[in-house]
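The chains carry the letters A, B, C and D, assigned in the order they are written, with residues numbered from 1 in each.
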Amino acid sequence: MTIGLEHYLALGALLFCIGFFIALSKKNAVGVLIGVELMLNAVNLTLVAFSRFGSAEVALSTQVFVVFIIAVAAAEVAVGLALALVVYRNRQTISVDRTTLLKG
Amino acid sequence: MTTADDTRSMMDDSRLAMQGTIEALDSGDGSEPVVVNLGPQHPSTHGVFRLKVTLDGEIVRDAEMRIGYLHRSMEKLAEERTYTQNIPFTDRIDYLAAMSNNLAYCLAAEELLGVEVPPRANAIRVMFAELQRVASHAMANGTFINDCGAWHTPLFHMFRDRERVLDMFEMTCGARLTTNYMRIGGVAFDLPDELLPTLEQFLADMPENIANYEALLMENEILHARARGVGVISPEMAINSSLSGPVLRATGVPWDLRKANPYSGYEDYEFDVPVGEQGDCFDRFLVRMAEVKQSLRILRQVIDNLPDGPWLADVPLHARPEPGESYARVESPRGELGFYLVSDGGPAPYRFHCRPPSLINLSALKEMSIGGTLADAIVTLGSIDIVVGEIDR
Amino acid sequence: MSDFGFHLAFWALAAMTLGGASMILISRNLIHAVIWLVMSMLGIAGLYLTLSADFIAVVQVLIYVGAISVLMLFAIMLTPRAERDNSQTKISAPAGLVVLLVMIATMWVAVDTDWGPVRDGALTEQARLIGESLIKHYILPFEIGAVLLTAALVGAIALARQDEEDGPVHAASLQAELDGETSIDPADVIDPPLASEPSDGGTTS
Amino acid sequence: MSGLSGFSSVLGAWYDFRDLNNLQRLITEWIAEWGPDWIASIVTGVLGALAILGVIGPTLLILIWVERKVIARFQQRYGPNRVGPKGLLQPVADAVKLILKEQLAPRSADKLLFFLPPVLIFVPGILIWGVLPFGPRMSVADLNVGVLFLLAVSGTAVLVLFMAGWSSNNKYALFGAMRAVAMSISYEVPMVLALLTLVVFSGTMSVNGIVEWQQQEDVIFILLFPLSAVAFFFAASAELNRTPADISEAESEIVAGYHTEYSGMRFGLFYAVELGNTLVVSGFIATFFLGGWWLWGLDQWVPSWIILLVKTGAVYFLLIWTRGTLPRLRVDQLMGFCWKALVPATLLFVVVAFVERTLLISEGWDTTVALPIMAVFNIALTLGAVMLFARVSRPAALRRPARIRMAGAEIGGLRAARQVASRTEEPQFQVGGD
């Protein structure tokens, strides 16, 4: 059996789901961010797999897309962690199920 | 004296310090102060001394001195020994300035006994007190730069000078650190023949060495950044905390016992008292550097006017002074060093008390270090130039 | 690279990636979770290498391992110890169900779809190609990305910045404050005696 | 290739010691005759790693001795001189002692994360050697993204330091770890920008490509971009935790920083990697800014790796020199210096490099004329920038000179102090100030 596109896609799907579950289920805001990062990485893996195995015209654009995703992820983490800090400073907790001010 | 409670809390603290666990004191405003024990085993406490700092990030919010790890009960032990037998204790009080301690104690005992010191002895005493100042300031400035983070280079260079002073001590009295050289009524031995040429050579070499240190350190931007404006204390606060020595003079107060209350013939020598301006760590360093130069100036005058004659007055070994009390103080390298003796007519002092400059100067550390960073507190501690043997006695 | 080496690398890296991700899920300590995340990210960087995407792999290590994980550790260290657990919320059971459904769907898509003719070609000189296409074809997204990063930078600083009164107080400013508010008239402080005065007994000053 | 035309007849033979790559190439070719590809690639990797380990292992032992001897000379003492001839075996004796020592672990340490760092710290420490070119074809992996690889690998080390400091459950270690992390991510920025200058100007991200560019244009980068060189040197010494930036293991403040709790050979491993990193960073500074294995044609006659080693030694000596001379900066001063001085200055030179590159390529300026002009312009700009930043970033406390006055007659308390302070004549002693 040769390792092909499907293997990478399946791996990406699994990783995406683990990240998804972490993002949904973790109490701590940093934990949620970790989950989101995993999801983004899973998508990146899929894109790079397409760049290698997919049709030739997407080979470059997928990699450019990955570069953009990494840049956006970096920005997202910086802002997300700053938000977590502010939430902590104001509410003395970064637990997402105790930050319920918007519930009315 | 420590009470049982103090001792217990000290033991609790030291157990915490040894485990090194991270304990959090949540102050409720989101920040989390951390208590760090600097010492009793720490590279920058210059002995066994503990500084308990409460840190908010790198900022010192509180500092607490814990002393007593080197307590040897000297003041009590001295009550069981004759006046002459007590001289070796004074070596061990401030082991970096044994000569100054010998001198201060002997002055107090002489005042109690009413002994007149021969002029040659006085000149020799001044000579060795000033040599001791050179050696002690070399040590103080070297370790201060070390606390600023230099990799021992200035320290070793300054140790070279100190080494030569200790060599002179050795050729005079056989000991380098704990000299036990002064006696009630004079000094133990006359100067050996080879001392004066050695001292001449030392005086000839020192200006160049000092110029080297100044070239290396005075305009060093990093040293300025680390020491300027750090550990500042105002002259009012310094006087109110009864600081003395270079720490006080760095604030601009020209207070030097050699001028204010001359002893051993200091009034015959010409010298100036260097004072700083801003009272920060750098000024203390500069004052010490300048004082070394003044000490060399005094040494020059001592050699040129060295009188002949006896070097020890006739004092019985087991002298029994009349009941009474005396207090004598000298300007030790660290500040005002005083000895207070009470006699009940017996061969041993009824009360023997030392006013150690290190202890009094250290009391201002909290004032100087709160609000600065941890690194500043270390530099400030280094600039005060404590000797733990003197603090705990 | 031959088949055997490639297989070995793929399975080892896949195990590393998924293992790291799963350990995030079950580890109790948030700092351990970040360390496991790093392991997972390194596995993904290795997978990029098996896909001959060396530029992306190096960027992955640079950004995720060198910067983002460190940033997360920083954020964790800035919150107190009580907040450093990594437990699950109440909704983890229904979330698990949703995730299971998503997993079935995505796996089915990944394995079952006919992805057309599979090419096996790697780009060479990726750094140059990516750089050129960034400033030629994708110049607008590139500029927007730059603006986004700047905005994120400014936003993060603005959010995380403390008010001035909480900020560090330095010895010098503290001293200035003291100097300004001191009520002690320097002239009131007793002058120590001058040389001429007798000084028997007690310390002055 | 062009660097090795001195004796073209022996070029490529295994005994041509000027290019040690020949040996490895011949071995892999021999394997390729009978074995599958993957054995050849694994053998290549193992050979490279062995070559690196075989070179840096003994080199480190000698370097410890050299560093201690040189520092000792700065400090007017002899340094190690007891074990072996001239004390040369002292590092071996130290290593044996460290290995025999008991390995202590705090009871409250996080066990897994405590045991891993001394091993993990080796990974970036070794990997980073992979892209250092010892000669035209003598690097283990001449990646076309070599510069990025260098930055990525060096950036991962900080994570290991954090693990070590955090898992020790010791406050000094935690302080050291947080300082290391904060400083490392700050100083990575000027480091990246300084290298970006070279990448923009030479148009390649391969480390060897940068050396070849310098060879082609007959110029070394320190002349073209002196500020980038200085910034890289300082940032590197900060990343290496060497004085004046050794705050993460500042002995006088936090004992030993992140490795306070490590004893025996675990500490020894940290120490060895730190020294190895110092060596490799010296090598990279020599490569990027001093021309690497190339030296105006001398590399045709002398083995290129010897040229690189000599240059590396010179940079290494400079690092020892700064370490032996300077005090340490405070953590906020280091951060301030990074963000307020180094980052803007290096950024300025990225722009300068971009403009000059455009002049050379798009406008087609003649390099033999343009490069000297640019070098002179850049050196002038560097001096200007340094002077500007020195003026702007100087803290207020340093602007006033520190003065020492001499009190002769006035002795006393505050009244005397005011008398001395109000004296009009020049103070006897005055240092610093603007």
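Following the convention adopted for this analysis, a contact is a pair of C-beta atoms (placed from the backbone, for glycine too) under 8 Å apart; a residue touches a chain by one contact, two chains touch by 3 or more.
In this text the structure is predicted, and so the values were computed from the model without any measurement.
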Where the centre means the average of the CA atoms, what chain is farthest from chain D?
-> B
Chains most often in contact, by C-beta pairs | A-C
Dist(centroid_CA(chain B), centroid_CA(chain D)) in Å evaluates to 41
Would you mind pulling out the distance in Å between where the CA atoms of chain A average out and where those of chain B do?
-> 62
Between the Cα centroids of chain B and chain C the separation in whole angstrom comes to 49
From the C-alpha centre of chain A to that of chain C, how far is it in Å?
-> 13
Contacts with two or more other chains occur in chain C at residues 55, 59, 67, 71, 74, 126, 168, 172, 186, 189-190, 192-195, 205
Listed in rising order, chain A residues that touch 2 or more other chains are 88
Junction residues of chain D - those touching two or more other chains | 332, 397, 411-414, 416
Chain C residues within the chain D interface of the complex = 1-2, 4-5, 29, 31-32, 35, 38, 54-55, 58-59, 61-62, 65-67, 69-71, 73-74, 77, 125-127, 168, 172, 186-187, 189-195, 205
What residues of chain B sit close enough to touch chain D in their complex?
-> 19-22, 34, 36, 42-44, 58, 145-153, 156-157, 160, 216, 218-226, 228-229, 235-236, 239, 251-256, 259-260, 272-278, 280, 282-283, 286-287, 290, 373-376, 378, 382
Sites on chain C touched by chain A in the complex = 3, 6-7, 10, 14, 17-18, 21-22, 24-25, 30, 33-34, 37, 40-41, 44, 47-48, 51-53, 55-56, 59-60, 63-64, 67-68, 71-72, 74-76, 78-79, 83-92, 95-96, 98-100, 102-103, 106-107, 109-111, 115-123, 126, 129-130, 133-134, 137-138, 141, 145, 148-149, 151-153, 155-157, 159-160
Which residues of chain A touch chain C in their complex?
-> 2-22, 24-28, 30-31, 33-35, 37-38, 41, 44-45, 48-49, 51-56, 59-61, 63-64, 66-68, 70-79, 81-86, 88, 93-97
Can you list the chain D residues touching chain B in their complex?
-> 71, 74-77, 106-108, 169-172, 174-175, 243-244, 246-247, 250-255, 261, 323-333, 395, 397-398, 400, 402-408, 410-414, 416-417, 420-421, 428-429, 431-432
